[in-house]
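Order of writing sets the labels: A, B and C. Residues in every chain begin at 1.
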Amino acid sequence: MSAPSISRRRLLSVPLTLGAAAVLPGCAVPRVDRIDDSGGPARLNALFMKQASYSEEDVRAMLASFHELHPDITVRPTFVAFEALHDKIVVSAPAGTYDVVLIDCTWPAELAGKNMLLDVTDRYDPAWQADILAGTLGGVSYRGRRYGVPWSPGAKMFFYNAEMIKRAGVEETSLATWDGVVEAARALKAKRVVEHPLVWSWAHAEALMCDYAQLLGAFDGRFLDENGRAAFHTGGGVRALEWMRRTLEEGLSAPSSVKLLEDDVKKVVCQGAAAIALNWDYMYAEANDPKQSKIVGRLKPALAPKGPTGKGPAANGSMGLSVMATSRRPDAAWQLVTYLTGKENQLRYARNTLPVWKSAYRDPVLTTGPQAPLVAAEQAQLESLVERPAVAQYNAVSQQIQAAVQSCLVTGTPAAQALAAAAARVNEIIGD
Amino acid sequence: MTAQGRNERQWPLALALLAPSLIVVLGVVLYPMGRTLVLSFLDATSALQDAFDFVGLDNYTELLSDSGFWATVRRTAVFTVFSTVVELGVGMLLAQFLNQRIRGQWFFRSLVVLAWALPTIVGANMWRWILHPEYGALNGLLTQAGLLDTYQDWIGGPQQALFVVALVDAWKTTPLVAILLLASMQTIGDDVYEAAAMDGAGPVRRFLSITVPMLKPAIAIVLVLRTIEAFKVFDIIYIITRGGPDSGTTTMAFYTYLQAFSNQQFSIGSAAAYLTVLFIFVLSLVYLRMLRTETKGLV
Amino acid sequence: MAIFTEATGGVAGDFRAALVNSLLVAACSVAVSLVTGVLGAYAFARLRFRGRGFVLFLFMLTYMMPPLALVVPLYLAGAALDLLDTRTALTVVYCSLTTPFVLWLLSGYFRALPAELEEAARIDGCTRVGALVRIVLPVARPGLISAGLLAFLMAWDEFFYALVFTSSPASKTVPVALAEFTGRYSLDFGQMAAGGLLAAVPPVLIALFFQKHITRGLAAGAVK
């Protein structure tokens, strides 16, 4: 009969099948975990993200070129919002829907810890280690094993409004340390260049974690000790938070910082209402867009300032491509990952997203053009990144730390006290 | 004929009438409900594993002895009571207004439907923007009107934020409540009001002594539905506050989400879901008992 | 704004596809839940039978379940049946959400209607189902329309299942398409607002179209 009758039968079969399944609610729907290594034609499903790093058009074009090279592998891409990416991976994992997924740098501990990602350590080419930007590798690793290849590197960069700095009579080189930044901010405030020279994304959100991680790194702190227990409530972790609190008390940091996210910080900076901020690289292009910015040509990217012990890491915001452990065609999936993350492919689209390969940064496409200053700064920064805690229950842990930092910044709880309480809860969560 | 005899006779017809909805509903949800119930007695911490240890009621006792969970329950109760009271109060007045015979009534009704039809995703994002501490419209408006000296962070404190998301939920569903009540009001004959008016009852009196009692079944339905929905509210919180600040807006639905999706504690999430159902069920029974005379047989 | 003018493909094309998906899924859900809901509601409103309380309990239980708790097993079932990323799967799930709701709403509505009307018809030789179709339904029109509209909006507005089950323009619905206007660090509020207004148009048109029926006060007339 015609097609509609089939689909109608299929429709009818749904409630019936589910009804039958309900008889045995304890049994999981059987998973097909047979691996097909015949090397025959493969159909892969790949999960990407909308509206950040490589655009949907870029990814589709990449996949088309991949298909030309590997006619026997067909890739069906799915694009979802960043917010939906994690949940989609978790929900689809048992069904084995996706072969290749895009992952954020805070997820390997959770996803690999739950055996969702394929361990690709042994598939790594020895030469990669030296050429991949060191900082980005942390975002695809867990307990010394690799669970993917970095694809879109990102560091929360240090930016300053060079024109304001000059007006305050401050040397740009003095911004190389956080002490220097505080002095510069005092000068900017004293000379009334700007009311609150510093602005941060310190709202109760992941953005706060990135900034705190960066300062914790600069002040030589650690999130976790070698036994995997909380360590941010001693030493550098406390000093970083006390430093944050002081800049607020002194009026150097905008009081609204505790309510802002990255996008808000971008707006404040582009309005010329602050001189110094941390943000992802996308702020640079928008600050130079006359339609959105009053500070065209004034924003400068630089290496993150250093703390007292000379460390100046930036928060890692890289993303990587992983093969799902439930993929039925892991070899074909790995071919796709290596193609997409490969230097040649990345260089072709380097105008939109930076490559993860150090050697690629010598290419004229990156050394020239309006983005060149940012590229140079970010390449250097990507060698020195700080990871947020690599624990399977990352979200829960992050929530606790955010709450502690906020309670110090907003209600004035002493830093050591707030962090100690959070550390106890974090240990409880990790201990589960 | 005895009552028993009538029951026997009507049974086949009732089954025939109910069969389609039973298939449509149970066909889809029975399996997942059973699976979730089973999970709540296991120790499932991964989506990929098949076999888990049976832990009996451990997940439930763990939740019930966790002060964090009870804080979640308390927040859910505050959210539910606050949003339901606002919805019912405003919805009743709105329905009464929409039931008036005035010129251009279609316009007001359309406005209400428009507010209701605006997707939650859009409404929630709109509120996030309105309430924004830096460039939110509310701050701008209130400072310009001289009602506010400095910009407020409307969702800055945990308690404040809970009331704000409850208000946004009420904003979203008040039109629905009004329309439900309006539909019910229209079943009240004009003659009832006319008779009361002739007896000298004023508009307020007529509203209290005719409209409200006649609407009791509808109010019962609204109360139960809104309670259930309020317990399940997820998207508004997901968009506006993500459960923060300081877990201030983590209601039971969001708690379930955090456990099951962010932490992959599927068993704890499942147990939390069934406890949610238990709470809603008890609450619904209380409501229905309270409004019993008019709704006999609803449960 | 780009949403209105852009040709196929890209944001605008995806959004238009989402509008069509949403319309189809919501319309099918309304049709199914109204038919099944009316029959079931009538049974609840007018018939006395054993197991009545239990069936009602089952419906209420399903309605009380947070979708979050059901989505993982449902996803597995959808994958096993090869129904992921299809409008069919969403329709099936939405029918299970809207049916108890419609049924419950209408059973209250039917009970509020005087039984004498039907009894008269049945004395005239009408069967129960005949009386339901010929006598009860015309009188219950405002209730049916409200219930249908509610079911429509429920399906139209549903976010979570759609987020999890759909992934391509073949089945993505409006709320999911709207959510994609939120970038990782930013929110395109212009697109969100334009898309939101556009998304509100179909339900508003439907409501406006049926409003006359509501305002005509059919039910009020019948009680006299």
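Note that a residue touches a chain if its C-beta (ideal position, glycine included) is under 8 Å from a C-beta of that chain, and two chains touch if they have at least 3 such contacts.
Just so we're on the same page, UniProt names per chain: A = ABC transporter substrate-binding protein.
Please read all numbers here as calculations on a predicted model, not as lab measurements.
Asks: Would you identify the chain whose Cα-based centre sits farthest away from the centre of chain B?
Replies: Centre of mass proxy via C-alpha means gives A as farthest from chain B.
Asks: Quick check on this structure: which chain has its C-alpha centroid closest to the centroid of all protein C-alpha atoms?
Replies: Answer by centroid distance: B.
Asks: Whole-Å distance, chain A centre to chain C centre, using C-alpha means?
Replies: That gives a centre separation of 39 Å.
Asks: Taking the mean of the CA coordinates per chain, how far is chain A from chain B in Å?
Replies: 36
Asks: Where the centres are mean C-alpha positions, what is the separation of chain B from chain C, in Å?
Replies: 17
Asks: Which chain B residues reach two or more other chains?
Replies: 24, 26-28, 31, 33, 35, 47, 261
Asks: If I count partner chains per residue in chain C, which residues reach a count of at least 2?
Replies: Those would be 71-73, 77, 92, 179, 182, 187.
Asks: Of all residues in chain A, which are in touch with two or more distinct other chains?
Replies: Those would be 14-15, 18, 21, 28, 87, 91, 94.
Asks: In the complex, go through chain C and note every residue touching chain B.
Replies: Residues 32-33, 35-37, 39-40, 42-43, 47-50, 52-53, 55-74, 77, 92-93, 95-96, 99-101, 103-105, 107-109, 111-113, 128, 142-143, 146, 149-150, 153, 156-157, 159-160, 174-175, 178-179, 182, 187, 189, 192-193, 195-197, 199-200, 203-204, 207-208, 211, 214-215, 217, 219-220, 223-224.
Asks: Once bound in the complex, which stretches of chain C touch chain A?
Replies: Within the complex, chain C contacts chain A at residues 71-73, 75-81, 83-84, 88-89, 92, 163-164, 167-168, 179-180, 182-187.
Asks: For the complex, give me every residue of chain A touching chain C.
Replies: 7, 10-11, 13-15, 17-18, 21, 28-30, 47, 49-52, 76, 78-84, 87-88, 91-92, 94-97, 261-263, 266, 280, 282
Asks: Which chain B residues qualify as touching chain A in the complex?
Replies: Within the complex, chain B contacts chain A at residues 23-24, 26-28, 30-31, 33-35, 37-38, 45-48, 50, 132-135, 151, 153, 156, 242-247, 258, 261-264.
Asks: Would you tell me which residues of chain B are touching chain C in their complex?
Replies: 3, 6-7, 10-11, 13-15, 17-18, 20-22, 24-29, 31-33, 35-36, 47, 105-106, 109-110, 113-114, 116-123, 125-126, 128-129, 176, 179-180, 182-184, 186-191, 217-218, 220-221, 225, 228, 231-232, 234-235, 252-253, 256-257, 260-261, 266, 269-270, 273-274, 276-277, 280-281, 284, 295, 297-299
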